[in-house]
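Reading through the structure tokens given below for one structure.
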Amino acid sequence: MALTAEKSLKNPYLSQKAEILEIFQETEIEYTFRLESDFELNFGQFLEVSIPGYGEAPISVSNFTDQWLELTIREVGKLTDKIHNLETGDFLYLRGPYGNGFDFENYRDKNLIIAAGGTGLAPVRSLIEYANNNLDQLSDFEVLAGFKDAGSLLFERDINRWRQNFDVLLTVDKTCDIWGECVGLITEHIAELHLADIENTEVIVVGPPPMMKYSIIEFQKLGVPDDQIWVSYERKMHCGLGKCGHCKIEDNYVCIDGPVYNYAEVKEIRD
Amino acid sequence: MALTAEKSLKNPYLSQKAEILEIFQETEIEYTFRLESDFELNFGQFLEVSIPGYGEAPISVSNFTDQWLELTIREVGKLTDKIHNLETGDFLYLRGPYGNGFDFENYRDKNLIIAAGGTGLAPVRSLIEYANNNLDQLSDFEVLAGFKDAGSLLFERDINRWRQNFDVLLTVDKTCDIWGECVGLITEHIAELHLADIENTEVIVVGPPPMMKYSIIEFQKLGVPDDQIWVSYERKMHCGLGKCGHCKIEDNYVCIDGPVYNYAEVKEIRD
Amino acid sequence: MSFNTKKIKKNAFRITKDREVTALRIRVPGGHIDAHYLSLIKEIADEHGDGTLHITTRQGFEVPGISFADFEEVNEKIAPILEGMEKEIGVEIVDPGDGYPAAGTRNVSACIGNRVCRYSNYDTTELAQEIEKNIFPNDYHVKIALSGCPNDCIKGHLQDFGILGMIEPIYHQERCIGCEACVDNCKKRVTSALSFEQERVVRDEQRCIGCGECILQCPTNAWERGGQFFKVVIMGRTGKKNPRLAKPFLKWASRDVVISIVNNVYDYIERHIDTSLAKEHIGYIVDRTGYPQFKEEILKGVELNSECEIADKINWNGYQTGEKI
Amino acid sequence: MSFNTKKIKKNAFRITKDREVTALRIRVPGGHIDAHYLSLIKEIADEHGDGTLHITTRQGFEVPGISFADFEEVNEKIAPILEGMEKEIGVEIVDPGDGYPAAGTRNVSACIGNRVCRYSNYDTTELAQEIEKNIFPNDYHVKIALSGCPNDCIKGHLQDFGILGMIEPIYHQERCIGCEACVDNCKKRVTSALSFEQERVVRDEQRCIGCGECILQCPTNAWERGGQFFKVVIMGRTGKKNPRLAKPFLKWASRDVVISIVNNVYDYIERHIDTSLAKEHIGYIVDRTGYPQFKEEILKGVELNSECEIADKINWNGYQTGEKI
Amino acid sequence: MGFNFSKNEFNQLLESLDQEYQIYAPVRKKKKDSFSANDLITYDLVKSLEEIELTAKSKYSAKEIVFPIRETLFHFVEGEQFMASDTDDKYIIFLRPCDRNAFKRLDKIFLENGPEEDIYYKRLREKVKFFVIECTTGFDSCFCVSMDSNTVESRDYSAFLRFEEDGVSCEVNDQDLAAEFEAQAKEIDFEPEFIRKNKIEVNLPDRDKLTNEVFEHQLWTEYSQRCIACGRCNTSCPTCSCFTVKDVLYDENKKSGERFRRWAGCHIDGFTEMAGGHNFREEYGDRMRYKTMHKIYDFGERFDFDMCVGCGRCDDVCPEYISFSKCINKLSTIIEEGV
Amino acid sequence: MGFNFSKNEFNQLLESLDQEYQIYAPVRKKKKDSFSANDLITYDLVKSLEEIELTAKSKYSAKEIVFPIRETLFHFVEGEQFMASDTDDKYIIFLRPCDRNAFKRLDKIFLENGPEEDIYYKRLREKVKFFVIECTTGFDSCFCVSMDSNTVESRDYSAFLRFEEDGVSCEVNDQDLAAEFEAQAKEIDFEPEFIRKNKIEVNLPDRDKLTNEVFEHQLWTEYSQRCIACGRCNTSCPTCSCFTVKDVLYDENKKSGERFRRWAGCHIDGFTEMAGGHNFREEYGDRMRYKTMHKIYDFGERFDFDMCVGCGRCDDVCPEYISFSKCINKLSTIIEEGV
């Protein structure tokens, strides 16, 4: 039997080429790649991104339109090193989208607070953009974004733009005088939030595991019930198809059942 | 108790000093030392010769008068090396004389044949000298002297002198044209001897063990009875006093019972 | 008491500190023994010895405290041991009732081997018995030890011949899950002969010592147990003058090669031994003739398998005793 | 079947090639055993094992073919061995019916020693038992072997500690007959430490290894058996990576010094062992800390006898495996 | 339809089937297991009855035939992707009920979990016919009865075979094969038999009583002391389906390469490692817990049966003598008696 | 005169004798023999009964007291000879009949053989008083009865002592000592007893039958295979009297030195070596023959008794387990039966 060229058979493992339209440097080791795209995407979904011969990696879509999507990629290994060497006009290989994403209906007309830690801002960026453009569909909207230090700040140009329309509380873990923003952990600032209408408040928490754990505790202290908290889990979502098993937690396959969960459903879940 | 100075006590191990009067070179490694002497000596006796600190060695007296004695010494070790470094006027240390020696009475008026091999000529030299001077006391006299090679010839000056008075058959084991003498083993020449009056013949055989063994066989072949053969044995005559045991053969102490034996008495003796 | 000590020593009895008393050495080829012999050994220790036993460093038994007067009786008693443990494995024993016919060539010792040990690459007991059959009885002083793997628990590195089991590991990429257990283990415990390159394991044949640990480590049998070979290290020794480690002589030698070279040793000794010495050990003979001469003679008539590597030269170093620490 | 392999291994049972089956290792401190234990060992081999025994290179017994199911029963059965061969010599054994409490520190092995051997300078069995008492049970992997003399028949040169008996030979000129038997023998078999000068024997103390052969050779007891000392050679090993000979650490050490340094080893290991490894052997720890550190710690609190010499530095060399022959 | 074959006849059947099928069965490879001189019982092609090992459990299951240990997904040539081909081969696999049931688990994951089928698994799976080996005694470590995988429904096999002293009796369900069977043998009545009791029984924990404390029980920390994370329980398991995808570009020409997948195991280091190096379940006891819960709880929560089929291979191969059946029973006791 | 001493009284006697005499007796030196941990039984000074070893034969005899192993003959200072001094010491030596008889042999050689007495031996020998230890059982290797040296004539000892469980009974012949004995003990009747039968008997060869062939018998070549020429039979022998004289100049000052003698042995290499290196009796078997004939034939030919006293020490010390008594018997058999 002859070799099967790429598109002759429906093969969920098969990636499609996508041209790099633009590249934005975010930090020293993080770049955002804008790629041509005809994917139907939801906020918070991810793609399996690859360069043949260098492997695949699950990357959250950090923004999208009908024509393009953005992937914010940190240089951490063989594949991402290779990606960072690409230039506009080169191609990335994509398959997806995978995961459930944030269903905006859960937040419509609510007070939405998004707490994002570090790269956790990427998966919610498209949602923030949508909110920014549709603030009328929310009762209230506030973003808390925490970074380790000024050097790891992502989407600076976006944040400045968003701030014109809604509150963005920016924190940096370590002292830093370049930025005149709050200094300290994001959790400290959650405690200071004044939640008027808790019943009508939905909270999204995305970030590294410790940030998520302690942020949720703070929101709980403020009286936010578990089922009004939403999280996005990052695991080794390797195939994206619910087959390879790497991202499984208990009876959940994060790649298909997540990465976005209502906290009430997963609060006792264990790796 | 105080140390006992040398002559205060009769001590048979004690040597006496004797001045070297004259030194004669015999071969490359053999010298004859003439020493002052008041020893009462018999032919074929030996002395224990020493230099304090260098040891003692039994040395045959190779000639003597009332005033002096001669010792013919081969350089073979520590003591003899040292002796060879002495000069006229220096001293050797002597004790003795030891051993029975040749009793001339056994040969008086007989046909005496002396067969000597190599250094075996030394112990009989005084007897030959006596014979040379008293040929009238013998019925006939002949000397057979064998040497390994021309370089090991001893008493050359004496032999030349003796030859004026009696037959000295000189043999050299190895071919040698310096000397016009017989070439070959002494034993071959014994076979050629013409013994007229065997009953009246006495034979003295002195030399290295193989020479003695085969020479005696030859004399026996000629019909000489064992009790007319005399030998002088060389053993490790170490104390000279019949104490130390080194020279013992069977029930004989060579230093006191020998070194001269009538062959009939010792023919079955075994080391 | 009067006897020829040389004879009694050849008969595997020892001249001991106690003039009246000897000790019997019982060979246990390969160190493996049927338990039923223990009854007999105990009986000899109790009835003729002092009721104790020493276990020798060559894995035999030494029965101390036997009166010299008893030695013929003891020889008769151990006949079943000679019969069962020597004659039955093929050793030529003229009369088992005469005791051991020689003691020069020492008991062939061996680790427990692959009858028990997970690391062993062959049946050391079987090979020990085969070698014993070929070389015993013999008066020449030769020490042979068999180790199941290059770990050399039996300490063949201080013997004249240390025979270490090797296995050729054959890699099947199609069965490899890339867990790198073999690679990690080889780095940590062996010679770093394995590396993980291009998502597969690469074996540096030069560095590989054939221990087979990669095979043991693999959770998918991606490493196949290939051909069985031997490393032969030679002329190690303790001793008072110059203790030294055996050094590799052959690598990847076949069983036949090993057996042949051990058999050839005796002719070599015969030709070169200094008979003026009481008993010259083979290591000192090799010191005299030099390694190249030894090599030439020991390999005479040996059909080398194609995989077999031979040392060009050997430098044993070790250290000289009698020097300031 | 389910059990904790680490526990069972500490209990001196082995994980073997056959999943259902284990092998029991029986310690014989110093390799010396009362013959009566043989009945029990035979019984265990016959009733629980496969009827055979392996004699280990450390002079113990290994009983193969024991079903894992039987191991507690076997432990109960060997109680008399633990009682008699361990507890009675002073080893702390809480319950002899529980089997061996540890297996890390190996059986202290020893040559037959001066109970039998003419060359031995001390009672190796007694010292082996004394050391066993001090260091057993202990999980750290330490190998100790005792040789009666520097000939090292027990092969202490491939152990962590090789303890070789030395004797100071004291010369009595007034008893010497100048036969030079000692001088000739020392030249031929030892280190040429003796020479005959000025009609007496002169001993080069530097070269003398204290073997005592001069004492044995002398027909007039002109050599007196003086003080009893030890040479301690350390950190020899076989193994897959870098087999190497032990090298001299102490010379002319007293019995107390030997016992003290062996006791100190465990604190040193405790401080430096890399617990991330399954079981780091002491030799590799010394490789990491370096000899000077080892030396400092091992000698801590040890009262050195005045005769004792200590190595300034040690270079073990040996050879690296995994290289072209 | 039931048939009875003499050995000879059965070999003729195999010969005939061999024309069209690759016939896989457990075989004994002499002295080929990891420990020297030990035999390896494993799946391989067979052509005769005599080659089939019927007295011992295979070390690995038949899983690797359909889900190869290493399987190329794509070939890469100058950035182009070519899906790796499969063959026209068809397969017959001899296997016991537990292992047949294991394929039901694999089918669930590869064909039903998530929105898409695994094309690589599927294309092989479709070509497989199962010949179930009747197994009425099992082996020491088996607990299939407890796991409800001692039986096989007749729709789940092409043939069901009883190996007898002088031949083979069997049932054939597969119409494609019936003719071949008929040609070689006489018809008989045949009723498959199944093992009804293993030496080992496990009590599955009561799902309703499972509390959070169970996850923190010292049971698991004890396994941290024992487990060495070698992954043999995963590789020998007939139901473990995890894999890792890797790319490689060839040394000889870096323009060519491939994307392949190979088995992964939740016990093996790196299983949960994310970009940047963060790992979940660093403690080996946590891995044991994870696997245990997966095999007897999570999978069942998601589908309609437990994952574990009780074949006992994980017990057989664990170098640390950890018994999975014992673990299940311990867990049940803990849950039953309260933490 | 006979006396009986309690142990205490005997110790008082020793204390009293110690004023005037150096008292030598066999003692046990703990762990001082050649093999480690073995006791050395040898002659040394004693001051009490308890120090005297009465249960074992001494390795060396009392010979070394009168004929020291190494003895300075002369001191040399710048070529002058000074005879080595002796002391004023007087000696009492405890010894068994065989050893007392051995001194008769030494006396023969040193005082009667050759024209002169050995002054060094004599000056010590004259100061010795012998206390003979009654010996009625002997030891395993003894054959003194066969050698006629089991008895001692009363003129040959100063005292003859019987060591009993609770004291010592004895006879005193020496008038010098009688007073001291009387002072400490009560008088009794005392009759010395002697051993009348050893475990070993030797048959001395018939002198008349000794032929030349005996010297060439393979008996001796067999000993060449066994004897290692260590000389222990010589050094342990109470009658071996051979010695070698050596000179030495001191390293520190070569103008000073000494002439000394030390024991020599006919088994030891170099015994017959002459200037130039020639040796007689290179074969060890010839040395065995020489010694044997010396001990049981030659000496007897020269004097009126055989040299060997049958103490058996040579048997006790031979590292090659050569037995002299067995050798004598072999020789007798050979002579008796014809070569």
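For reference, chains read A, B, C, D, E and F in written order, and residue numbers begin at 1 within each chain.
Note that in this section a residue touches a chain if its C-beta (ideal position, glycine included) is under 8 Å from a C-beta of that chain, and two chains touch if they have at least 3 such contacts.
For each chain, UniProt lists the protein as follows: A, B = Anaerobic sulfite reductase subunit B; C, D = Anaerobic sulfite reductase subunit C; E, F = Anaerobic sulfite reductase subunit A.
Only a predicted model underlies this, so the values are computations on that prediction, with no experimental measurement involved.
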Mutual neighbours - chains that touch subunit C and subunit F alike: D
Reaching subunit B from subunit A through chains that touch each other, fewest steps: 4
Pair joined by more contacting C-beta pairs (D-E or C-E): C-E
Greatest separation from subunit F - chain, by CA centre: A
Gap in Å, rounded to a whole number, between the CA centres of subunit C and subunit A: 67
Inter-centroid spacing, subunit E versus subunit A (mean Cα positions, whole Å): 38
Centroid spacing, where centroids are CA-atom means, of subunit C and subunit D in whole angstrom: 20
Subunit A and subunit F: spacing of chain centres that average the CA atoms, whole Å: 109
Numbers and ranges of subunit F residues touching at least 2 other chains: 35-37, 244, 246, 248-249, 264
Contacts with two or more other chains, residues of subunit D listed in rising order: 15, 17, 114, 118
Subunit A residues counted as touching two or more neighbouring chains: none
Which pairs of chains touch, using the document's own definition: A-E, B-F, C-D, C-E, C-F, D-E, D-F
List of subunit D residues in touch with subunit E within their complex: 1-6, 15, 17, 19
Partner subunit D, residues of subunit E touching it in the complex: 35-38, 140-141, 225-226, 315-316, 319-323, 326
Parts of subunit D lying in touch with subunit F, wherever the complex brings them together: 114, 118, 120-123, 165, 167, 173-179, 181, 198-199, 212, 215-225, 228
Subunit C to subunit D touching residues, read off their complex: 14-17, 23, 28, 31-36, 38-39, 41-42, 45-46, 49, 51-57, 59-62, 64, 109, 111-112, 114-118, 147, 149-158, 188-193, 204, 206-209, 211, 213, 238-241, 243-245, 247-251, 277, 309-312, 317-325
Subunit F-facing residues of subunit B, complex: 1-6, 8-15, 50, 52-57, 74, 76-77, 80, 91, 93, 234-236, 238-239, 241-246, 248, 250-251, 253, 255-256, 268, 270-271
